[in-house]
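Dropping the structures in below, format is structure tokens.
In the two complexes that follow, chain A is the common piece, with chain B as its partner first and chain C second.
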Partner chain A sequence: MMRAAPWLYLVAAFVFIYLPVGALVLFSFQGGSLPVPPFDGPSLQWYGDILSDDDLTDALRNSLIVAVGSAAVACALGFLAAYALARFVLPGAALMRGLLIAPLTVSYLIVGLGLLMVLQRLGLGLSLWTAGIGHVVINLPLCFAIIYASMGAQQQNAERAARDLGANEAQVILLITAPMLAPAILAAFFLSVTLSWDEFIIAFLLTRFDITLPVEIWSMLRSGLSPRLNAIGSLVFLVSVTAVLLLEILVFRKRA
Partner chain B sequence: MTAPVRLDGINHWFGDFQALTDISLDIAAGEYITLLGPSGCGKTTLLSVLGGFVEPSQGTVHIAGQDVTRLSPAKRPTTTMFQDYALFPHMSLRDNVAFGLRMGGMGRAKRHARALDMLALVGLEKDAAKRPHALSGGQRQRVALARALAVEPDVLLLDEPLGALDLKLRRSMQDELKSIQRQVGTTFVHVTHDQEEAMAIADRIVVMNAGRIEDAGPPARVYRDPATLFAAAFMGEMNRIPGINENETTRTAFGKIHNPRMSEGKVTLCLRPEAIHIGKGGFSLGRATVQDAAFFGTHVRAHVTPVAAPDMRLVVHLPPGSIPEPDDVLDLCADHDGLTVFPAEEA
Partner chain C sequence: MPLRDRTLGWGLAAPALLWTVAFFVVPFVVMGAMSLATLDGRTLVWGLSLSNYAEIADKAYIWRAILVSLEITLTVTALSVLLAYPLAWIIAFRVPQRWQRLALLLAILPFWTSYVVRSYAWLLVLAREGVVNQTLMTLGLIAEPITLANTRIATVTGFVHFFVMLLTLTIFANLVQLSPNYRRAAMDLGANAFQTFWHVVLPLTLPGIVTGAFLTFVLCIGDYITPQILGGNNELTVPQVIMVQLGRRADFPLASALAIVLMGLVTLAYLACARWLRLDRI
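Right, the complex of A and B next:
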């Protein structure tokens, strides 16, 4: 009995975490038109339905573009900021570090509203670009923190050796620092991709005609429950899981 | 490739701390120099000045007659072999060794061939495709050497290159470094705190302390006839016998020695343990009581208390044939040429 209790707790905890996702995925294969028990599948009709819906596939593509693009920009900027702050003695370095990380503590709603006001004052129209800018703003602190934390004396010595052997600053960064920090950079990249991929508030506030998937899902939700939503949700989940698995395989396996 | 180096009037401050004081040194082309001293003596700072990683507050550095004081490391005809080797972990050994050539714009095929030649020089040509993490400490050290030499520097700077190796490997790498230096003819400047290592490889030892050069010369001269008390003590174990100089004669507890070189006043007489023998002749130390003795293979190291100076303890190296017992009494004397005299240090 004493031994069963911890296992029971473990199972309960996992059920609590994964039951909603499991139910979502299960009823995406529903045969009927309502995602509620009893289950009468499996059927792929809802997947066929959403994949032939141009609005949805456009939103899916938009989301991928924004996720990959904003993650790449956030990583590049975060890397350069980390390199500067780790390698050079700069006036006000502690303050700069603080200012770079501070946006992590600001809610997405505030970031989105602030950007919206700035963009409208500047007269820039809302588009995928503006949503991408919003995602760079929220992911940059994370990329900076991850990459900065992994910059150590080992790279610094290798960089010094490369300079001694005739490398210029760009060659040092491209051939030595970035490859040596590849695990941290990839981790930051995939994390940013997943965060941008299912981000709703900023994408909702900063897009207009071209919208990302979470915004599209939100607009579909207003017309009531349907297994279509389950199928989209499952696809979103699949992409996120793929990103995490890639991270695991590319980054953490290599280190072991 | 090889070139002479001239350091002239180098002073350097880190904030208020003076790390280097009036360093002037001429190094001949193809010479193997070691900078020897305790940690914090400025030897690594001086190496950084040579390599271009530190720009000295005052003074100039000339390599091959050209003033390089303000040149960056990349533009100097020097390369450095760093203490932790600083190999590039994401590159194969071949790419590590070829890196400097690649930066110099050499074509792929040519630089790869040259990298393999350099790896062959250090006996690692079979491992060219491996990554540094697959190597032992001694092998990494060889790769670092090959990488630094691949660009044919005029001067190779070595920062405690053998510090991370175990004693046996260190002794064999010393011989190898020396023989590679003979083959390539490059000027080597090697920083170490190990005086045995310095004696084993250097053409000339530069003893440093507190940012100054205490002595510079061939190992035998620096060991047998050091310029300062510090150099004498740092080069090996030594007995210090206090004395007073008057009328060109040094008076000690063991009698007088003619000594025309020194000024009057308190002096310290230095005597290496191996300069002391059992028997008569030379400078007699009289009778001494053995405190303890230990067998070291090539000699027996004993602590003795001279009867003439009961509060003194001398270290003596005796022949390994017989080991004296504690409380044995020995008649001891010292060679005159094993004796050096310095002004006493102010306490």
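Right, the complex of A and C next:
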């Protein structure tokens, strides 16, 4: 009995962890119009339904644009700052590191609220751009921290060698440092894409007409349970899982 | 690196620093100033008024929201740690080495579901006609469906689900870092399994646990989605009250003051666990 206890706990934990996801995916194939037991599928009608819904496909496209765009900007800025702080002796470096990490400690709601007020003061309209700006704010600290942590002496030697051989600073950064740090940069990029793709509250506060997928899902939620929500939720889950598995296979497998 | 290169260093760090200052520090300062402003009808009057904070201290429903937020957050943090620790332990020490990475990956995979979708998925499970009620009724354990959605139980369940996965990851990382020699030494000196855990492993993993718990506290107390979708409007948390101020009344000064209060709560939690916190180890 005592030997079986850990395995029972493991099974119970996995049931708890997969219960909502299981219900979500299973009832996305529901035949009827209520995503609750009994299951009367499988049917693909709800997937057909959401893929022909322009609001949803627009939101999906908007989400992808914001996620990839903001992740790219956050990675580029984070990489340059990490390079600067790891390779140059700058006065106030500790303060700058603190400043770059600071947004991590503040909840997204507060980041979004602050930005919203500034944009309103300036009289700027809300759009995908403003949501993207907010997403860079929350992803920049992560990108900086991940890339900064992986800047080691190993790359520094290669950088010195390149400089001795006549490379200028831009060549060193683009041809030596960036490729050597590719795993960290990729990890930062994928993490940012997933976080931005999922993010609700900043996107909700900072967009108006062009909305991202989580915001669209939120507005669909007001009309209650529906297999359409299951179908779109399952698709979103599939995208996130693909990103995570890609990261696992491309980045972490190599290291192991 | 010679000092003449300093300008270049500044130049490379500048974009990230400017971005953070322009889109994080400045909004933050504006929010602070806004919390001291007042609304006269619909027009904003800047000033140094503490009336928003006075209103927070004065209104029973806001106090109630602060209390509800704290109760939910503390319950969630405690439950998540208690449930995640054994799970991390089993994956670290019971699951055979070659399956470990897979077990961990599977244990945290739903972590990557969009959080709006995750809350909705719990609604499916907990709704009146949902999976739990149907199962219990089929088994004959209950005659009538029980109310689970739109209660605090639902909010806590949704949160715990998310944070168990997060904490399993952080605690697992701590457990595998621990040299097995500590456990062997304790066993050699005559400690039984429980004593080894209580006197050796637990104290050594405490910084990791506290760091995870702090992260849970911060993310939980600032979240709007989970209480809104699963808890409904029966009792409001602080983020929900903030959103009500923004949505219905466009009362930015009061919303800002509430956001500052929320940050105050996080700061208190930080001070309470600062002794054990290793934020660089996340």
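Everything that follows uses one rule, which is that the second predicted complex is superposed on the first by the 255 of 256 C-alpha atoms of A that agree within 3 Å, B and C clash if a C-alpha of one lies under 4 Å from a C-alpha of the other, contacts with A are read in each partner's own complex, and residues count from 1 in each chain.
Criterion: a contact is a pair of C-beta atoms (placed from the backbone, for glycine too) under 8 Å apart; a residue touches a chain by one contact, two chains touch by 3 or more.
Note that this is a predicted model, so its numbers are computed, not measured.
Visitor: Answer with clash or fit: chain B and chain C placed together on chain A by superposition.
Guide: In the superposition, chain B and chain C stay clear of each other.
Visitor: Between chain B (first) and chain C (second), which, if any, makes contact with A:118: first, second, both or neither?
Guide: second
Visitor: Chain B or chain C: which reaches more residues on chain A?
Guide: Between chain B and chain C, C touches the greater number of residues in chain A.
Visitor: Is A:29 touching anything from chain B or chain C once the two structures are fitted on A? First, second, both or neither.
Guide: neither
Visitor: Per the contact definition in the header, classify A:83: touching chain B only (first), chain C only (second), both, or neither.
Guide: second
Visitor: A:16 contacts which: chain B (first), chain C (second), both, neither?
Guide: So A:16 only meets chain C here.
Visitor: By the touch definition at the top of the document, which applies to A:157: first (chain B), second (chain C), both, or neither?
Guide: The answer is first: A:157 touches chain B but not chain C.
Visitor: Could you say whether A:189 touches chain B, chain C, both of them, or neither, answering first, second, both or neither?
Guide: So A:189 meets neither chain B nor chain C here.
Visitor: Tell me the angle subtended at the Cα centre of chain A by the Cα centres of chain B and chain C, rounded to the nearest 10 °.
Guide: The vertex angle at chain A equals 100 degrees.
Visitor: For the superposed arrangement, tell me the lowest C-alpha distance between chain B and chain C in Å.
Guide: Minimum C-alpha separation, chain B to chain C, in the superposed model is 7 Å.
Visitor: Of all residues in chain A, which touch chain C in the complex?
Guide: Per the touch definition, chain A meets chain C at residues 6-7, 9-10, 13-14, 16-21, 23-24, 27, 34-38, 77-78, 80-81, 83-85, 87-90, 96, 99-100, 102-103, 105-111, 113-115, 117-118, 121, 133-134, 136-137, 140, 144, 169, 194, 197-198, 200-201, 205, 213-214, 217-218, 221, 225, 229-230, 232-233, 236-237, 240-241, 243-244, 248, 256.
Visitor: Touching residues of chain A toward chain B in the complex: what are they?
Guide: Those residues of chain A that touch chain B are 154, 157-158, 160-168, 171, 175-176, 179-180, 182.
Visitor: Quick check: in the complex, which residue numbers of chain C touch chain A?
Guide: Chain C residues touching chain A: 1, 3, 5-6, 8-13, 15-17, 19-21, 23-28, 30-31, 34, 83, 86-87, 90-91, 94-95, 101, 103, 105-107, 109-110, 112-118, 120-125, 127, 129-131, 134-135, 161, 164-165, 218-219, 221-225, 229, 239, 242-243, 246, 252, 255-256, 259, 262-263, 266.
Visitor: Name, in rising order, each residue of chain B that touches chain A in their complex.
Guide: Listed in rising order, the residues of chain B that touch chain A are 51-53, 72-74, 78-80, 82, 84, 86-90, 99-100, 103-104, 147-148, 151.
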